[in-house]
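As written, the chain order gives the labels A, B, C and D, with residue 1 at the start of each chain.
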């Protein structure tokens, strides 16, 4: 292992702090959602399954390896750990992953499930997503079908990336969002921006009926 | 009596804490709502009628017997105590009951009163209800007509259970929700999940018009 | 004067506390709204004009007589003081008055201005309004046209009362609500209940389109 | 320079306090928004680019001159600094400027972008905008096209003012609002009032469909 106890403690604290903030914003209903940070090339720190995300502490965080197996603990990691390990494997610059279940994410994913993607255009806040410097860009957020069998989801995400399409986050139908960033601050900015953009799209859809 | 003063104090505190949390979330407007926990086979701890649920303390909790009669106090229990005692009688595994009056619960109950039931399908958050392990399950929440005469409501609930239909909670038209669980944490998870699912259904109804 | 300094201090504190609570709930945008309590047959304690209602203290409260004239201070009372004095004159049991400007009150008043009244039926929460013991009652909330000339509004209210119609509160078009009660707790319950009922009516109107 | 260190410190603190309040209200998502105060005829205090507005402190505030150039620091001012300096140049009575990005401002700006203006009539809260004493006035809020090139926006604003039309604030399409006032308290009242009025307009549009 190339990470220190101090590094784990710092990331566990950063995850817990982000979780409490997202919980207070109502993005993690009923013990749902999970969060992680990269520790080294082979390990990540991730939330233990079933904990109340609004009251998260460093004790709710554990270590898993790149295959998603628990390291040095008998605690059970989130059922969706493979989606986290995939992101760290496919995006070398990613160091934090946030997955939440907000009402807006859930409703938008169901409305756009058939089209399979939500396209944002003309919003100044698109600039909050790394690599975007103007509201004149196009920002696509894919919507993948939900499943309890994680390898199916992993394959959908791989297919999207392998097709060379940009990916900054994705929705799962009836479920929630995954997004990531270079550090926890950028990842929190991404989740806040996607939540905002989804809310605007739903409002405009209602108002333009 | 087979419960101790210590057990009553612990449950009164757990009820008060849950009540303050639900109050802060806006689920208990204008002194409405009531909450209880099982003490032993013959007694439950329940909120005294008319107290401000957002500022609830252990002093706002009293004991009633299985017939809903006050025990060791002249305080008046909630007018709906019989709905609580029925739940403990019909569901031996239930140890906590929460009844709230949110705007979403009220509006959804009026919209679905004629159909008599709301069916949830395809939501990952259905897994937050005990016994559900996939979004592919169906989760039915019945809507019973409102009445000021509790025995009528008790009968409606009995009829549903006696027909062998699963029951995890129910709405009363123009009024609110009842749900329960093995302990207070599970019951809070249930109320949070039902509130979330009802909000999503109303949003989708608005957006698909 | 038949009230003591102690009585004024107590009521000023009760008004300030209610104001801060209503401010935190978003019911008093942009320094709007005003609140009062009866001191004796000839005097009331009322908010000074233009203060930030979300940060209200006892120093923001002054005394006026039954004609709405400032007593013992050069501070300016709310422009709408005459609506407060009218309520105390017409409803001898009233000891507190709350007037707020929420978005829901504003929007509902504009939608129902032509009909001149909003009727609530079938809501359990109607029982939160004094004198109502069942959801089967009818609760009418009149909507009066807005004006900057208070005597016109006073006359509209008098006409309604003199016609023998029950009155527990009223809306002013594009403006907000007035409601009252025997004490501050009942008045707060009334404003919370009317806000809730108006929100439900708007939701149902949207969902039944 | 004709301002003192003490004056800068006071204004930096006033800006930080206003920013934290607006952040808590959800008006500044994902590090967006910027705020300023006039220091003297040639300088203003303004937020440093990219800081989290909900956790703003005096250390996040810097000085720029009337051309928008940083003074006494290597920090980078907001990309939109020229819109602030324009307001202080064109409105001698203005001493504070607030620019936020709320969901409501974003959605309203997109809906009314083609018409180029939102007109408010019949709202009591129009009186919260300086110079308005009755709900019978008309209050126009222009909507300008968004651009990443600030001089284009500066020109649109100049054209509006030079046409002799009253201006109390403006929206930028898909982006947010600018408003100003004699001091920070008046400016906060203006932003709160515009946010409220925009919310009411969107609600009425939905409800009158």
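Here, a residue touches a chain if its C-beta (ideal position, glycine included) is under 8 Å from a C-beta of that chain, and two chains touch if they have at least 3 such contacts.
From a predicted model like this one, the values you see are computed outputs, not experimental measurements.
J.: Suppose you list every residue number at the chain B-chain C interface; are over half of them used by both chains (same) or under half (different)?
T.: different
J.: Return the chain whose centre of C-alpha atoms lies at maximal distance from the corresponding centre of chain C.
T.: A
J.: Roughly how big is the turn, in degrees to the nearest 5, that lines up chain A with chain D by CA atoms?
T.: Result for this pair is 90 degrees.
J.: Report the inter-centroid distance (CA atoms only) between chain B and chain C in whole Å.
T.: Inter-chain centre distance comes to 33 Å.
J.: Determine the centre-to-centre distance between chain A and chain C, using the mean Cα coordinates as centres, and give it in whole Å.
T.: 46
J.: Can you list the chain A residues in contact with two or more other chains?
T.: In chain A, the residues touching two or more other chains are 206, 209.
J.: Please output the residues of chain A touching chain D within their complex, sorted ascending.
T.: Result: residues 122-125, 128, 133-136, 189, 192-193, 196, 199-200, 203-204, 206-209 of chain A touch chain D.
J.: Within the complex, which stretch of chain A touches chain B?
T.: Interface residues on the chain A side: 29-32, 52, 101, 103, 106-107, 110-111, 146, 148, 172-176, 202, 205-206, 209.
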